[in-house]
Structures are given as C-alpha cells and as structure tokens.
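Input: structures, listed below.
There are two complexes below, and they share chain A, which is joined by chain B in the first and by chain C in the second.
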Partner chain A sequence: MKDRYEHENLYWIPILIIFVFLLPVILKGVTFSYKYYLFVLNLAGIYIILNVGLDLLSGFTGLVSLGHAAFLAVGAYTSAIMVDQLGVPFSLSLIFSPIIVGIFGFIIGFPALRISGMYLGLTTMGFGFIVKRIIISFRDWTQGSAGLEVSSPVLFGYTIKSDWDNYYLIYTFVIIAIVIGRRIATSKIGRSFMAIRDSEQAAEASGINLSQYKMLAFFISGLFAGFAGVLFAHTSSFISTDHFDILLSIYFIIMVLVGGASSIYGAVLGSLFIVLLDNLFVPLIEDQIQLIFNTQAGDIQSLIFGLIMFLFIIFQPMGLYGMWLKMRIYWKLFPFNPRQRFT
Partner chain B sequence: MTDIFSGISQEVISGIALGSIYALIALGFTMIYKATEVVNFAQGDLMMVGAYVNFYFVSTFLSNSGEPSAWTFIVALTCSIIFSVLFGFFLDFIINRPLKDQPIFSVIMATLSLAIIMRALVAMIAGPIALMPISPFGGGSITFGTIVISILDLFIIGSAITLVVIFYFIFHYTKWGIAMQATSEDPIAAQLMGIPIKKIYALVWIFSALVATISGVLLAPRIALLDTTMGFLGLKAFPAAVLGGFGSIPGAIVGGVILGVIETISLGTLSFHFEWIKEINDIIAWFVLIAVLMVKPDGLFGVEKVKKV
Partner chain C sequence: MTDLNIDSLTMRFSGLVALDKVSFTVKENEIFSLIGPNGSGKTTLFNCINGFNKPQNGTINFCGNDLLNKKTYRIIRSGISRTFQNVQNIPFMTVLDNILLGANSRIDTLGTLKRLVSRDQRKIEESMALEIMDFLGIANYEQKFMMGQPFGIQKLAEIARALVSKPKLILLDEPAAGMNDQETREIANIIRDIRDELGVTVLLVEHDMNLVMSISDQICVLESGKVIALGEPQIIKDDPKVIESYLGEPLNA
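Coming up: the complex of A and B.
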C-alpha cells in the first residue's frame, strides 16, 4: 500500500508551521511597524483560504469562476448578520456560514452543468453583479451600500481584537485549509476533478458522475470561500459591498494563475505574492509615479497586476510553483543538465 | 393611457439607440470569436480607449482652430480610426500571436488583464477627472408627434445598421471574409489551402478595434461624462451577444437591441409602476444572460455546436 504523500518530502512542513507561528514574534523584534505587516499578512491569509477553494474549482476542475468575490461577500454578510443581529455565537457561525455559502455555491453551480468555458466565466461574473445588488437591496439587514459594522470574534470567552490575535486565528485556519485542500487534491475527488478538467467525455466514460462532481467542486469552493468570508468580516470589523467588486474576483483568479493553477501550493504562493506586492511594494513606487502622472489610488496597483498577469500567461503559464519545480529539477541535475530543456 | 404609450415608445427608441451600442461592441468581439475563437473581454475597454483618443483629437483641433465645425469632428474621427487600426495591429501582435495554442482560460485571463492595463493606463494619462465630450450634433432633436428623438441617437442607430450590414457583407460575400470563415472552421486546413492566416488574424483584430473606436466615439457624447468606468459597459455586451447567439453577426444586433430596450423600459415606465424593478435594473442584463444560458444556450440565432470527443 503506497502512502498518499510518499513521493514528497514532508519534513519541512512542521518547521514551516512553527515558522508561521513564530513570525509575529520575529517581526516584532525586527521592525517597529510590525502591526502593519501583520495586517497585510492577515489579508493574505484570508485570500489564501479563498484561493485554495478557487484553485480546486478553477485550477483542478477547470470551471472558471469570475465571481468569487460574491462567495466572499455572502460568507461575510451571512456571518455578520448571524452574529450581530441574530445573536448566534461566533464559533457556531464559523460552522454554519461556510455551509450556507457552500449551498449558495450549489445554486451558482447549477447552470454549470450545462455550460462551460467562457460562458461559465460570464455566468459567474453575472452572479457577482447580482449578489452585490441583492445585498444592497436588503437594506434592513445589510444597511445597503453604507456598509456594516461587525463585532470582533469571540472564541471560548476570549475576544480577539488586535492584529496580533487575528494573525493566530487566521493562520490556524490557513494551515487547516491547506491541509484539507491538499488532502482533497490527492484523493479520489481531486483526481476526478482533474479528469473532468482534462476531458469531460473521457471522465464520464470512466464512470465519473459529471454533474455530481461539478456540484461538489462548487460546494467545496463555497465552503472555503465561506470560511474566508467569516474571517474577513470579523477581523476587518467593517464590510461594505465596495469590498466585493468585480475587480476583486479578477484579482483572485490572477492570484491563482500567477501562483500556478492546479496546485494548492501555487494558490498559496500566488496569494502571498500578489498581496505582499500590493501592500508593500506598490506604496514604495506610488509616490514616484505620482510625481509624473496625476493618478487615482487603485490605478498603479491594477496596472502592475495586469502587467504581471499578462507576462505570466505569456512567458510562464505554469506560474510561480511551476517556476519552482523547474528550478528544483535544474539544481538536481545541476552539472549535467541538458541545456535545451530549460530554455 | 396615451401617456403610458408615448412614454414606452419614447423609451423603446432610446433603448434601440443604447442597444445599437451594445450591438456594435458585440459585433467587435463576435468577429474575433468567429475568426480566432478568442473571446475578447477587453472590447469595452477598447471602446473606452477609442472615446478618449477621439476626445483628445477633438480638443486638440478645437484649441488650434477655435470654433467647432463639422470638419473638426470628421478629421478627429479619421485620426482616431487610423489610431485604432494601428492599435488593433498591435493587439494582434501582443495577444493573439503568443496565445494561439493556449487553453481558453489563459486567453480569457490575458484579455481581462489587458482590459485592466488599458483602464489603468488611460486613467493615469488622462487624470482622475471625468471629461465632458462635445456632441457633434449639439443638443439637436427631431419631434414625431409626442416622441422626441435626438439626432445623436438617430446617428447611432444608423451607423450601427450600416456597420453591421457592411461587416455581414464582408464576412459572407468577399474573398477575405470567406477566408476568415475558413480560418475559424479549421486553421490548419485553411493554411493548407493557401490562406495567410496570420494576415487574417491581424485583419480581424484591426476590424474589431475599428468597430470599438467608432462605438466609443458615438457613445461618449451620449453618456455625457467620460471616464474609465465606460469599459464596464462593454461587459454588458456579452449578455447581448449570448442572447442573440454567440458568434452570429445578426444575433449580435438583435440581442443588443432587445437588451437595450429591456434596460431602458425597466428604468423608465415600469419602475414607476413596480418599485422593485428600480433595484434590479442595472443587473437585468445578467438575469437575461443566465436565463438564456439555462434555457437555450445557443441563443436566438446561434448554431448548435456538436462536441467532438
């Protein structure tokens, strides 16, 4: 009996987990503005959870979703309403909100049984617009486009307030999400997803129930997005429909593709790369560019994202994770590598 | 009763004008889709770039000559068209050639990222303030009984019909058009038959940039304030194209007009009688899209495609 992860080197994973949990302490020792870095890392963590789910849907199953911000929005608003207006404890909301988002994923996935490719992208994009509009029109619950204040999470009688505490809350879930994501990807379900992506006809001929697995992909993706939404709502303490723009959905897909579609680590790398770039690198050059051009806040950011995406698609379709794999093979074979293979 | 009737017919007219714009945008990406099977999500932003370039030329000429005359607008339009031809050629070079053998997902994302890049660049160069384009027809309008039609709307409808007829003719009756159809059917076989498919691809992108520029020039005075969110309007042309049947030129115009009329009527008369329509009029296009895809994915004029194993 072969083990699931036998071909992989797993020793570095505990070290990485310890590093993740020590990182705030290290940052505090190194810089004074560690709170800002923690805030950025928290955002990255939420996006990692969502993008693992998106990767399972778009990267593994090949069902393009251009409306994943809607999933995040449904999760965030469901949890905010449940906790603040219905008085459900946060720990219960953490369980039920993702399930509600997963069911919402079912509803969105329903048209996906008949359509695929570009049409599915359009449909999910349309759902993104529709969800945003519906959230605005339920004014009694969501306060429309004014936005909604959300209370801080309370777990086991302890109120989680600062970025420091949020970091530990979010990254606990990030690690769980990555482990579950890897687990799904290497299981029968994950292999069926990949079979559907590669050829629907062949998958169906080998006994994979297409509609069942497509719905399952949407459900799982909804679960992950629901977790991300709950964490997003309660750690950022204020949500409004402006957060869940169509551009955010596109950025999610950009994160997955830049990281490398159809690998869970790729989604993680891509989210970290894009969020860190957005919050740490862009502000550095923004002032310089603003001396030349009279720009608005988001323009340079979207220009850089667009350029990165474009260059990755043309020159490195496998993404960051693919680059890493190529490099690893290169160093393994180092003195004897055949030159043509890596050009 | 006559009140409601004249209100509705007024809205139908302006809906047809709006729908003609959708139809023109849809025509642009339908052509690309027909010839290369690439779906161009950047079509709306191409339109936005066209509108900005035209605005730039018009304001430059006005600052040189002073009084606006018909010639100012014609020369500006010609300059924008020349620009769009060059731009289309450039797009073919950077999008179509490197991505010819990539999966559809990558191509969608490439055109989307191109849309983001164009929007950001235009916003950076033109500045954050919305511009006020000048209509070449002033505020002129024609009155038929109780219905008032602005000359701009008439011109939009007229040029949409003209362009669609021209492109329908090119696609179905000229040598190059038939070559385009052959290329879309099977690029390799087309190449073996001696069709220069690289030239065909370049031509298609040039055509679609051209149509985008013309629709941008026509639309800019109609929306009164020109800013980069105009590119999002291009997304609404997708429901129009799907409604008419993706990849069909008559479908593009019929779908566009139907969608335009639905949108304007729901914004006008119906929203006075039903409160809830006011909430959903800006997403009605997407409801239409989902309904069409669930019920009849090939649209009104589409040809059913048989999947090959």
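Coming up: the complex of A and C.
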C-alpha cells in the first residue's frame, strides 16, 4: 500500500505557527496602534474557536444553530461565577466550564432528534432568548443586565493582563482548536456527521446511530463554544447580556458560511475575514457612507454583512476556502484544462 | 450456519400488502437473485432485512440472530451491508472518505480517540478502504470528490462502501441499473469476484435478465408481494408463471 503522506506538503504549518506567534512583535514594529489590532485579533481568535465548533455542528452535521451566542454566554458566565464567586482556579475552570456548556448543548440537542432545518434554527434561537432571560433573572450571581466584572486569568501563578498576554493565551488555544477540529473532521466522527447531513439512509445502513451522533455534534460544539466563552469572559474583563445578542448568533452563521461551510479552515478564514472587516474596514468608510445615505451608526455594519452574505451565497457558495481550493487546482493544472475543478 | 432464513414475512403499508408470506433461504456463498416487476416488493424486502421497514409478521434469521429485533444501525455489525437503488453517496466528501464511511463498524471508540492525537490511525483507516478500492479497480479515484464522478464510479464506490465493513452477506439493489453492456459485464465479474475471492454471500435485485441468468445460483421471483417461483436459473426461465408475469414470450417464438 502506498503512503499518501510522503508527498503531502506540511512545511507551511510550522511557518504559519511561527508567524502567528511573531505577529504581535511585527505589529508593534509597524504601527503605533498595535494594541487595537491585538484586541481585534483576540476577538477573532475567540470567534475562531467557537466557529470551529459551530462548523462541526451546522456545516458538517447540517444542524443549523442560531443559538451559539447563548452557548458563548453560558461558558462566559459559568467561568466568571466559578472563578470569582466560588474561588475555583482559572485552569480548572478552563476544563470544567466547557464540559458544562457541552452538557448544555447536549440538552439543547434533544429537539434536533425530531426536527431539522429552519425549525431547529428557530428552536435554538428560542434557547438563546431563554438563556438571556435566565441570566438577567439570577441577579445574585450574574448582576442581571448591569453586567459582570471578571478577573484576569491566572495561569501557573502568572496573571494574564495585557492584550499582548491575552493574544498568546488565546492563540495557543486557537491552534489547539484548529488541530482538534481538523482531526475530528477527518475521523470517523466527521465522516459520520457529513453522512447524517447528506443521506440519513446511507448513514444508518453504515452503522451510524443517528440520535447518538446528533447529540455528540451538539456536545462537541458546546465544548468549543465553552472554551471560547471562558476565554472571552476572562480576557475582556467585563461581560453583560448585551455581548451575547441574537444578532451575534447570526453573525457566527455568516462567518461559517462566508468562510465555507463544512471545512474547518473555512470557519477560521470566515471568522478572521468578518471580524477584521467589521473592526478595521467598516470604521474607515463609515463616515462617508453615513454622509451619503444619512444612516445611523451600526446600520452600515448590518448592510455590509447582509450584502457579503448575499453575494457569497449566490456567487461562491463554498466560501473563501472553496475559492482557495479552486485557485489551487487552477494553478496546479494551469496550462491544461484550467476549468476543471473537483472532478 | 451463515444462512439467511426468511420465513412467512408479511409487510403491509396500511391497505397495501407489499410482502405476502415471503419465505426463502439464502445459503452461504451463494448468489441469490430477486427479480420481479416494478412494485413487487423487492426493495421492501431489502428494507425489511436492513431494518428500515418493520414487517408485521414473519421472521428474518441470519446466523442464528433474529434481525427484526435489531435497530438499523446494528444490522451492519451482524454482517449484512447493502447498497441503494438510487446511489446514496456524500457529494462533498472524497471517494476514499465515502468508502471509509462503511468501515465505521470496524473502527472502535479507542481508535476514534486515537485519531485525535495521532496521524497513524488515519493511515490504518485509509488502508482499509484502499484494499477494497484496489479490489474494485477504483483506487486512482481516492482523492477526488464524489461530486461530479461518473455514475459507474459512484455505483462502484457504493459497493466498496458496503464491502469495507467485511460483511458476510451483501445486499445489492440494482447494481447494473443505468449501465451499458460493457459495464454490466464488468459488474457481473465483480459480483462473481465478491463471492469467490471475498467469500461474501450476495443477495441481488436486478432487472437485467442476462446478468441475473448468467451469475445466479438461485432465483426468487416476486409478484405483488408473493413468491411465484423459486429455483435455479434454468427452471425459472421455463416457468410459465414467470414468463406470463415478468419475462414475456421470446420474440421469435
């Protein structure tokens, strides 16, 4: 049997990891406002972790979730309460909070055994509202809608305070999340997830227990969202229910779709693309657009996101990662048959 | 004792009797064909064996196990796998991954967890699929996406997916549908090889009479859910009931 990995190019992985860890240094050398860029990249990193999980659920398994902001919220509040009010060390919270969110996802997954598609999306959205209401109601623990101050993470006796430190903390987990997500996607679990999405009959005949795997998808997705939530709470030092709006859940779905559903790299590209666009590109043109169209602040963001999603779904349904795949195949075959894509 | 015993199987869809007291036995290492006009219950019978449909009466027994009490996803573990009449492949997965889907029952939980930390597990899994792909002659398609593959390759990939679980019995639902003569002959050879080289019993549904008559050891003819003839190809060919309901008179008679 021939070995397929001998010819695979893996040299870019260490280069990329080194680049990720050198990026803050480069940014500091290039620009004065590097702290803002780091803040934006940190946010993107947290969303990458969450979207890898969301992609496994909505992209691979085809179970659309419009409640992932609620997953993030449960993770953030669980960790904040555990660390600040119960005195659990951050490192333990980093293990237990995701598991709690995973179990939460498992419970939300029960309706998915009976319903699918848009109805499941609406059900998960409903869970988002319920979670928000519960957080507001439990004022003793969560300070209600006033928001909750969260302490900085302490790992091995070292307090992680600045955006600089947060960057390294978050991107360590981003790399782990991508590797694990990628391995889940190429393992038995990932294949089963895709089979459930595309042909439940073939899946069942191949020995896949449909309900077990659907619940597993929600659990895994919850684990990733939990990690993202813990990092979000402790690196942004303040959380309130406004951070976990229903609109955020929709933005998560947009990120996965624009990046390319059912590919882990797609979720990564989509998160980076949307977050960087939102925080670096939109402010540049916001003033001009507001003058021309007489819009209010915030409107322009929805306008641009809506337009991007619309254009991607029509012209590039496989997203940014699909674009990259097509480009790569085009260059590989360049003088011959450049139109050939996936066959 | 790897016979498949089907005894007085009855399946009703409210008023419609899809299978009416069907009984037959498929012996080990046999190519057993089910033929009959459209709507005579061939695919329903497959669905009953496979657990998609739950018949009201009768028993299905394989290797001493009662299959009717088993959930669909457990059937493959007792050694029965199947293909579908309309190919059921996953378009956005590579041909190799599609085939590996069938190997799910061979990969235990420990192997799945191992995959999270090492790449070797992936190699082990791929060698399972490549073995079968070499056997069916589609190994050079491994890296290509299922989407956009020719129909013949998709059919073969589905057969490969059924074979990679190392079944004792394989249910083939019209493997030669939509194929030309050349491809049909190849399919006939493949079915023989599945029986002779892999030692897998074959239960076949097919409309191509040349194929059925040339490779079958036993043929069962169904009509409106009833077995109207059962026996070797030569007997079936001359059976007046079968000629009337399905085969028709020879043109030059």
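Here is the rule we use: the second predicted complex is superposed on the first by the 326 of 343 C-alpha atoms of A that agree within 3 Å, B and C clash if a C-alpha of one lies under 4 Å from a C-alpha of the other, contacts with A are read in each partner's own complex, and residues count from 1 in each chain.
Here, a residue touches a chain if its C-beta (ideal position, glycine included) is under 8 Å from a C-beta of that chain, and two chains touch if they have at least 3 such contacts.
Small disclaimer: the values here were computed from a predicted structure and weren't measured.
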Mind working out whether A:A177 is in touch with chain B, chain C, both or neither, as first, second, both or neither?
neither
After the superposition on A, what does A:L57 contact: first (chain B), second (chain C), both or neither?
neither
For A:I208, is the partner it touches chain B (first), chain C (second), both, or none of the two (neither)?
second
Quick check on the superposed pair: does A:L257 touch chain B, chain C, both, or neither? Answer first, second, both or neither.
first
Taking the superposition as given, does A:A195 touch the first partner, chain B, the second, chain C, both, or neither?
second
Taking the superposition as given, does A:V150 touch the first partner, chain B, the second, chain C, both, or neither?
neither
Applying the document's definition of touching, compare chain B and chain C: which contacts more of chain A?
B
Overlapping contact positions on chain A, where the chain C interface meets the chain B interface:
199, 201-202
Provide the residue numbers of chain A that touch chain C in the complex, in ascending order.
1, 3-5, 180, 183-184, 186-189, 191-192, 194-195, 197-199, 201-210, 262, 341-343
Enumerate the contact residues on chain A facing chain B in the complex.
58, 62, 64, 111, 114-115, 117-119, 121-123, 125-127, 129-130, 133, 136-137, 199, 201-202, 246-247, 250, 253-254, 257, 261, 289, 293-296, 298-300, 302-303, 305-307, 309-310, 313-314, 317
So in the complex, the part of chain B that touches chain A is made up of which residues?
39, 98-99, 102, 104-106, 108-110, 112-117, 119-121, 123-125, 127-128, 232, 235, 238-239, 242, 246, 279-280, 282-283, 285-287, 289-290, 293-294, 297, 307, 309
Residue ranges of chain C in contact with chain A within the complex
50, 52, 71-77, 81-82, 84, 88-93, 97, 100-105, 107, 111-112, 115-116, 119, 121-123, 125-127, 130-131, 144-145, 147-149, 161, 165
